[in-house]
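Next come two complexes, and both contain chain A; in the first it sits with chain B, in the second with chain C.
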Partner chain A sequence: METRQAGWTHRVLMLLLMVYLLLPLLATFLYAFATEWQTTVLPQGWTLEWVGSMFEDIRFVEALWTSLYLCLISVALSLVVMLPAVFVITVYLPRWETLMKGLVVLPYAVPGVVAAVGLIRTYSSQPFDLAGTAYLLIGAYFVVILPYMYQGIRNSLLTVSAVELLNAAELLGARRVRAFVTIILPNIWPGVMVSTLLSFSVLFGEFVLTNMLVGGHIQTIQVYLYRRVGESGHLASAIAITYFLFILAISMVLMKLGKKMSGEVRG
Partner chain B sequence: MKLRGRWMLLLGLVPFAVMVLAFQFVPVLAMVTSSFSKAGGSGLTLQHYDKIFHSPFYLQAIKNSLLISAWSSLAGIAAGLVCAYSISRFAPKIRDRLLLLSNMTSNFAGVPLAFAYIILLGSNGVFTLLFKQWGWSVFGGFNLYSWSGLVLVYVYFQVPLALLLLYPSFYGIRDQWREAASLLGATRWQFWRTVGLPLLTPSIFGTLGILFANAMGAYATAYALVGGNYNLLAIRIGSLVAGDIVNQPELGSALAVLLALSTLLAVCLNHFMAKRSLRFTANAASAPKPDGKRRRQRYSPDGQAAALPKEALR
Partner chain C sequence: MSASYLELRGITKRFGGAAVLDGVDLSIREGELVTLLGPSGCGKSTLLRCIAGLTELDGGRIRLNEQEITDMSPRNREVGMVFQSYALFPNLTVAGNIEYGLRMRGIGAKERARRCEELLALIDLEPKRDDYPQQLSGGQQQRVALARSLAVQPKVLLLDEPLSALDAKIRRSLRTEIREIQKRMNMTTLFVTHDQEEALTMSDRICVMNEGRIVQDGTPETIYASPRTEFVARFIGSYNVLAREEAAKLFGDGIGAAASFALRPESVKLLPEGGGQDQEAAPANTRRIVAATVDNVHVLGNVIRYFVSAEGVRLTVDKLNDGQSPWGGAGRGAVKLALDPSQLLELEGA
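This part shows the complex of A and B:
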């Protein structure tokens, strides 16, 4: 089955699927570099004007930075909190694993709108008035990426057989914390990197929570894009394509890392 | 020494517990209690639910959401099944590239996706104008900012997801079984009807659950495309809680509880079905077969993490 040539029907079908999936992307891409594009199959002329004006727009650059640092802080916070927690549960308290898994998968069953409603209800009045602040958003982001971080860290711990490694380390006289920092962390790092990048790209594309929780106060790249869609189509295309290329670059790195890791494990 | 070790363990768990409590538990609890409390005051009441189930407006929002989720999931499953079968017929190298492309487009959701469709099919969209010029009146009645347009965009983000979730289960159907069936005189159709489809059923229903929940919770795409103009549950919740005009957080909470119930139900369906399908394949895997290694890789939790729909984007 692996070596068999795919028949014509399958090839045509896949071609159709790819055209269907890539057409919107392609259109956005062309629109970002088009001078005028109406009533012709391809644009009438090409220009770099839109991309240029995008980078000249201070609000765009600001939104990009806001997105970057909010995502970075959230992912870093998640790493700091999740690494020890998942480690302790997986290695020392495996009986609690079911509970933790249930907790962690919940955000994935609760849509963003619903989560936003709860957060607004909780944090828009005293004593915890965080309405419209970055703290609230970072907390919300932390919950969004819980499933990805948990899966990534737990799988890495299991892949490197953390329990056996620790036993060996303790046998040789290392303390728990020391063993964790010098033995476990370096070993699980590549796997953790993969889930970190995945989380980062998910947060970078987040719109619902951002718009509902802090939309009026903090502009991330998604909120900015939403605001610009009505104004200039070409400019918005340029932004959308830049965003997509950025996400694509992250996915490429992710894939490379994933390949490298599975190669190491096999070898 | 031992005591100190215990403390260290606990210390590792405290930040996690605090974060989950503060940003997951308390908010969900606050939402549920708020949906049962009187507007702007205290005291238990069912008036918000009562209002929802007696208001044609909110009932229509619920109906629209359920319908669009059901239709787009079914369309996604149909396209996903055919494409997943097709993809399993390719050599691994090409297959991986095709999967990579589908995975890539599954990132293209929410605001940018709505925007791409506006460029293509909006009122001044490239295709809209082209078709008008060519005189193709078939598409004359099409309006992107309506029901048909929304379904079209929803189907777009459902198809790659369905494909990515379904294609592994096609590898559970061995070529030997097909050969055995044909040796016993079964036609292709008979094989698929009696062996293939029953094997796929759990993962089809499981995927259906995920797609349904995905569409029910989708907000960004619809919000960017039709704004508040189309009556969908997620959009109504958004405008009731964080809207520009009038905030009715209690009513919004009640709607949000209903939405959460529907997605939880759908995800539970997926969970249940995943268990069933694992039982199927676990039995199959226990047979001594050389492709056992490939199977183990496919059902590794890594694969699951990659297949988690990036729901936050929609």
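This part shows the complex of A and C:
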């Protein structure tokens, strides 16, 4: 008797939560295809003109592509640097942990505007004249996702008891690098995938820093959205929905990739 | 000296200010199974890790098979280790785990598979070769961990409380299995445990450790029958440890000069209050009879444990549960004890 009641409450709560989360999304979706929707419960008419005009604008596709490759490069760079670094710190230099914990939380503490101003000042003159370039942006993105990547990789390492696995591998004759590749990497991959996904999403949606640093020169999807939002709410909705579906597709690809990697690296 | 296969001299390790290992000396012959026995925190696991090279020494030297390994990295020492938590690789199958060491040494796939099959037969887990560690029970995982270490034919095998995480029945059967495999392969083994029953049943030799030092080193029989210090007596078996005055009250003044004494609970015989003949008692001319009261009785299965008071001294007396207690039943009340002075052991120091 009791379990059944718990089941009901549980389901209703979940339903309410889903509705709460999905309703804005649904509304945006409908608005993108609506002719007029000011005072009525449902749109007054349907049209494809907003979506059409969006795809016809070359700048939209360009912005999407720009965001994609900038975020991918930043995340890939972060992976290449952070994976070995966090591994070495967690396993071989545990005394540095306190210092690292403080360092990686710093990005949270600094508001985007402050960071942007600082970065522009530092990199506007020789020898680092990078102002307005993609390099500056990638560098800034790297720091933005630092906390997510550090914590994610570190937690994965701790969850799989990396230190003990390494001890066992070492005693069996494995060199450190080989032990890392054959034993640690396959086991932490799912956790690392999640951090990567999260980081990618954060970067894709990042606006303040991006706009301030390179807004005039490089159009990421967020900058583009900001520009067009003023024109029409319908158009803005269309763009937002497309961008959301795009992220969804990428997430699924990344998930599949992650599963495949843990499956393949065996034996 | 030349007979020792594994030689530890002056092993010292400090954590913070405290000495976890305080000048440990130990010699182990080839093929011996030596158990490090002691309470938590006595340094036994640390000693094992130092031998494996996972923990750096602050002082001392280690020689294995005539070779100085003190400064070698773990991979070169030819030391195998089985951890309390098994540390099996979750991304590899049972076969993959067992073959790992061979893979690292560059041994070809066919040879690897052959050796793997041999070991699977040894641990009796052939049908599980393609399973993953998560699909195995605790006992099975432990056997795989053992096979994995043995695959690379180490010179010495270190077992760090390998059975602590398992339930009693599995522990007992695995104990015998490990001992059989060890004997068959003539594998020099160092076994760490806090369970004295394990130590007594498995070992060729036991080293009792306390606070970073080995306090007594001997065969199981010696350790059990002749504990040297109060610590060992308290740790092994359920010895009665008596202060001098207490021993004097029970045995008179003819006892030795030591400050404390040990008496095995099974060496004291219970007699019914009215005296009477008990064939198991010591020869009449040496035994002492004292009056006592039984305060409590615990039936431990095949042993009955009596908690008695005699002359103001509290003792435990163990008797085999043969169902033939002279007076039968729960037995509280007044009794007589037959004590054999030759069973009273003098203890050194603390």
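Observations on the model:
FYI, the second predicted complex is superposed on the first by the 213 of 267 C-alpha atoms of A that agree within 3 Å, B and C clash if a C-alpha of one lies under 4 Å from a C-alpha of the other, contacts with A are read in each partner's own complex, and residues count from 1 in each chain.
To be clear about the criterion, a contact is a pair of C-beta atoms (placed from the backbone, for glycine too) under 8 Å apart; a residue touches a chain by one contact, two chains touch by 3 or more.
Remember, it's a predicted structure, so these values are computed and weren't measured experimentally.
When the two structures are aligned on the shared chain, A:A174 is found in touch with chain C, with no touch to chain B.
Contact with chain C, but none with chain B, is seen for A:P186 once the two complexes are overlaid on the shared chain. Of the two partner chains placed by the overlay, only chain B lies in contact with A:A85; chain C stays clear of it.
Once the two complexes are overlaid on the shared chain, A:W37 sits against chain B while remaining clear of chain C. Comparing chain C and chain B on the residues of chain A they touch gives the larger count to B. On chain A, the surface touched by chain B in one complex and the surface touched by chain C in the other have no residue in common. Every residue of chain A that touches chain C in the complex is listed here, in rising order: 160-161, 164-165, 167-175, 178, 182-183, 186-187, 262, 265-267. Partner chain A is touched in their complex by these residues of chain C: 52, 54, 73-75, 77, 79-81, 83, 85, 87, 89-93, 96, 100-101, 104-105, 148-149, 152. Contact residues of chain B toward chain A in the complex are 5, 8-9, 11-13, 15-16, 19-20, 22-24, 26-31, 34, 79, 82-83, 86-87, 89-92, 94, 98, 100-105, 107-120, 124, 126, 129-130, 133, 156, 159-160, 163, 175, 213, 216-220, 223-224, 234, 237-238, 241-242, 249, 252-253, 256-257, 259-260, 263-264, 267, 300-302, 304-305, 308, 310-313. Considering their complex, residues 1-7, 9-10, 13-14, 17-18, 20-25, 27-28, 31, 37-41, 80-82, 84-85, 87-89, 92-93, 103, 106-123, 139-140, 142-144, 146-148, 151-152, 154-155, 176-177, 195, 198, 201-203, 205-209, 211-213, 215, 222, 225-226, 229, 233, 236-237, 240, 243-244, 247-248, 251, 255 of chain A touch chain B.
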